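Two complexes follow with chain A in common, the first pairing it with chain B and the second with chain C.
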Partner chain A sequence: MTTPTAIPAGKAVPPPRPSRLWVRAGWTAVLLVVLAAFWRVNIDWSQLSDFVPSLFHYLRLMFCPPAWSQTSAAFSATILSVQMAWIGSILGILISFPLSFLAARNVVPVWVRLPVRLVLAILRAVPEVVIAILILSVTGLTAWTGALALGIGSIGTLGKWGYESFESVSGGPLEAARATGGSRLAVIRWGLWPQAQPEVLAFWLYRFEISVRSSAILGLIGAGGIGKMLSDNTQYQNWNVVGILLIVVVVVTMIIDQISAVLRQRLITGRWALVGYGARRKALTPTGLA
Partner chain B sequence: MTDRRPGTAGDPQIVFDGVGVTYPNGYRGLSDISLTIPAGQMVGVVGLSGAGKSTFVRTINGLVTATEGSLTVNGRDVTTARGKQLRAVRSDIGMVFQGFNLTGRTTVLNNVLMGRLYSAPWWRTLLGAWKSDDVELAMDALTRVEIVQKAYTRASELSGGQQQRVGIARALAQQPSIILADEPVASLDPPTSHVVMEHLRRINGELGVTVITNLHFLDLARKYSDRLLGLRGGHVVFDGTGADADETVFESIYGRSLTGEDVLDATPNLETS
Partner chain C sequence: MSDVPAQPAQPRAARPPRPRRGATPWVIGIVLAAITVWAARGVQIDIPAIWQNFSNASGTLMQLFQPDYGFFPQTLSAIEETLMMAVIATAIGSLGSVPLAFLASRATNPSRALLAAIRFLNNVIRAVPDLLYAAVFVAVVGTGALSGVLALFFFNIGILVKLVSESLDGLDRGPQEAALAAGGTWFAADRVSMLPSVAPSFASQVLYTFEVNIRASTVIGLVGAGGLGVLIDNVRTFYHYHYLSLIILEILVLVLVVETASSMLRKQLAR
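On to the complex of A and B.
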């Protein structure tokens, strides 16, 4: 409704370019860190030339042909690993869920959330393998140890993702819930939770995906499942068994990743779509005609 | 819909007595407001941005606490109310927002059921196990704003005008005696604005709910109010009917003469409203 101001005639005078000193300093620092990383690692470049031929050698041992007879054993070991990841995820969710509320800025005062955040940060800093080794002495070398380690290991990340989603909700619905006369609990349940819920559920699924992959590593230290079978057969150089194990692990992990990705997509967007198809194509064609 | 308005139309319902608001950062939001709003009145509040319109409506349900004077709503003192008492006051006052303040990712029905948060027991609200009476009330409210067919749609899939009608339904589901509307049409186009304002006027006329609406546009405020309040710098500078609001009144509210930016419908003419 305002009449546009007339553009004065004459040469445009752009503002001076802002200093790029900090950008340059940043990239120099990255370069120094990369160079420093090579120091003391003692890379033997001659080994690298042997790498490709020996890789093919072992690939042939593993896959020409793989030990098909071990397929069902490999499957049952993989399923044990997935169960380990599943139970671990449920444990992690049950414990991290209340903690993420107790760590959110818009839910609790600072003296509550700081200690909770500290606990979550410490849990995040400890790798699952280390947790497993620590609790081995109590629970022994079982799949339960693996599940427990995955559960404890996921509390830290799940808790952080949780409180970050709670803190990113918009204040409007919270104010609306308060304005209806809702209690604190009601405001959290109906103002905050519905906004954060799709993301939080998606994080739970994503964490399960990660745990499926970690469960194989936990098996290496003897916590059962696919990892144990893998390390045993590597030790005895049964390369064709290792081959079938790798095939089964990769196939099962990919299937779980895909199912989980489709579910996460549904949670976030509210629509069913094959990940990488529907949503992406829509974004690329703003008119929505293609 | 059942009507639980205390008192009858015309009884003093909202009483401001020397109310002032100073924000914690020292900003004066409102100064020395003394006025009475009777039950069943349709009030339009106009003024520039920062004149105190939002603060004014938010003191009524205690979202902003009055720091001076006293404010009673339906006989209850809002300024001193805390906790459960304050929630009781709020439960009787519905609120409609400029940005709708719906939760886009959940259904329209769930958004409207939020209007029942005060009356439902805590475990029902926690589990979302609403009584069928509450669901019926929510559906009634949606029917009243003519959007009940969208009850199970995600709120984010609705247009702005539809979302604001859901916002009104949420306020109605409280069975309030008062509805506060803070710039309810500021994010909507002109035709949609009129639809939303018509709904508010119908609720006022048919249910006898007191409606207090902040509006940026003077013509809209004149058309949809029994009484016009003009705010400037936190003071009430005009209190009268739309017909009384002439060019001099306008200048006292806006500090300048009327332009096309102050009316919703194209021609800046006070007489056409």
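On to the complex of A and C.
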């Protein structure tokens, strides 16, 4: 028979609050940086007061009504942008695929993968528009330039997602392939690739979605497609044409996103299903990406 | 006693039959090839042009490897403007996205109709790329940092509302149910239960958005929206590739530093 130990009388003392000094210091620093930015930036905030009315004014000019007569022109310009994105993705996939093997920890030694990773990191950091500006001097202002820029720009991200998914495969099949006397290449082909394949294919599709968005941007600096038509028409203030262009861009982008999301869902889960907005979709995008 | 029973004569081990894959891979391959050929014709792939023009262009491209560091002081104010646009846009974008994200999550918005409307609106916002916003806002409010901040703001709303509402969808709804059962309104329940639970992933997504903003704010100046992009546009019009290479180097350093710092912070948050 155990008797319950007596609780000592007196006021219960709550444990001391954990020190939040560093958290507070961090938030204060963030706040100071934001305030400094607001204070230093060369913006006349009073302009904002007529921003809302003028935004509605321009929205009315664009969409009430949009220039429906330009629909087919807008559509074919968007198709050119999508073609740019497709060719760019194919180029990016062809180049990044071998590179991502050469950057994976479980495939190559450190002295091979560090330089490859450095190249991939640099390619990721340079915006595609800047790559396009550089290539312009070689190939001129064409859609082909845009496709090349998208291709080079996608090597960085595709390569990174590739080696990350290669590194996350389980070691068992690799060991099995090695134990049966498989060569290095055979281990990759039969141990590594089958495990990573669905995810890598899904990333290729996802990167194509991103390239579709970027291809519209590349036109703004003259690389053809919808962006070129858009910058021409904003310059000449043809607002109702801008309206129809925006509508076509949004509709085409959303359709391509939806098709690609369904295909990615099929690749990852093996089932055909409509992909909604929610948590199911989260598993299909690379970590930390919108 | 311990004699092994004779093994029955075994037939040679036969491999299992290969699974039949049918025509599907061929169909997929042909479809992909057809799309590629169609796209290649549209884009007018011109590989010889690269070699033909390369000798002309190699001079300018060589300049890229010789950045003119003397140009650095002139770029400082543009770098500052780029950073400030990114900071301001991240701040107002993350504040503005909070109510919309709660309205866009199945877990925090009981009204299905409003939910569908907000999500559709956000999909539309997300479908417009950052530089298109910049091009339109430059036309509306004129060139300068304000149009850049506005463009980044809409761009951020699109990203953050999607990411945060998906985090909300994935949360444990026990505390919210408790708050509702105790007689709280939806607003009060979400404020005391869902908001604190989503805060760490919200912070991490804001950091990610800041990374995206740094990248975007370096180039939106190309269409007139302030920051380093304005400088890029100026030097490329006059073919000052020594200057351009310095600017690209600065973008590289800026993006890599911010990304490294932000991913370190995000790892801390994830623990």
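Criterion: the second predicted complex is superposed on the first by the 234 of 290 C-alpha atoms of A that agree within 3 Å, B and C clash if a C-alpha of one lies under 4 Å from a C-alpha of the other, contacts with A are read in each partner's own complex, and residues count from 1 in each chain.
In the analysis below, a residue touches a chain if its C-beta (ideal position, glycine included) is under 8 Å from a C-beta of that chain, and two chains touch if they have at least 3 such contacts.
The structure displayed is predicted, hence computed values, not measured ones.
Legend: residue contacts after superposition of the two complexes on their common chain; A:Leu55 is shown touching chain C, with no touch to chain B.
Of the two partner chains placed by the overlay, only chain C lies in contact with A:Thr142; chain B stays clear of it.
Once the two complexes are overlaid on the shared chain, A:Val13 sits clear of chain B and of chain C alike.
Looking at the shared chain after the overlay, A:Gln83 reaches chain C, while chain B stays out of its contact range.
Contacts of A:Trp190 after superposition on the shared chain: chain B is touched, whereas chain C is not. Legend: residue contacts after superposition of the two complexes on their common chain; A:Leu21 is shown touching neither chain B nor chain C. Contacts of A:Gly181 after superposition on the shared chain: chain B is touched, whereas chain C is not. When the two complexes are superposed, the chain touching more residues of chain A, out of chain B and chain C, is C. Considering their complex, residues 33-34, 37-38, 40-44, 47-48, 51, 54-55, 58, 79-80, 82-84, 86-87, 90, 121-122, 125-127, 129-130, 133-134, 137-140, 142-144, 146-147, 213-214, 216-217, 220-221, 227, 230-231, 234, 237, 242, 246, 249-250, 253-254, 257, 277-279, 281-282, 288, 290 of chain A touch chain C. Interface of chain A with chain B (complex): residues 1-2, 172-173, 175-183, 185-186, 189-191, 194-195, 197-198, 270. Of all the residues in chain C, the ones that touch chain A in their complex are 35-36, 38-40, 42-46, 49-50, 53-54, 57, 60-61, 64, 80-81, 83-85, 87-88, 91, 104, 106, 119, 123-124, 126-132, 135-136, 138-141, 144-146, 149-150, 158-159, 162-163, 165-166, 169-170, 204, 208, 212, 215-216, 218-219, 222-223, 226, 232, 236, 244, 248, 251-252, 255-256, 259, 266. Chain B makes touch with chain A in their complex at residues 61, 63, 87-95, 97, 99-103, 105-106, 110, 113-115, 117-118, 122, 125-126, 128, 154, 156, 167, 170, 174, 260-261.
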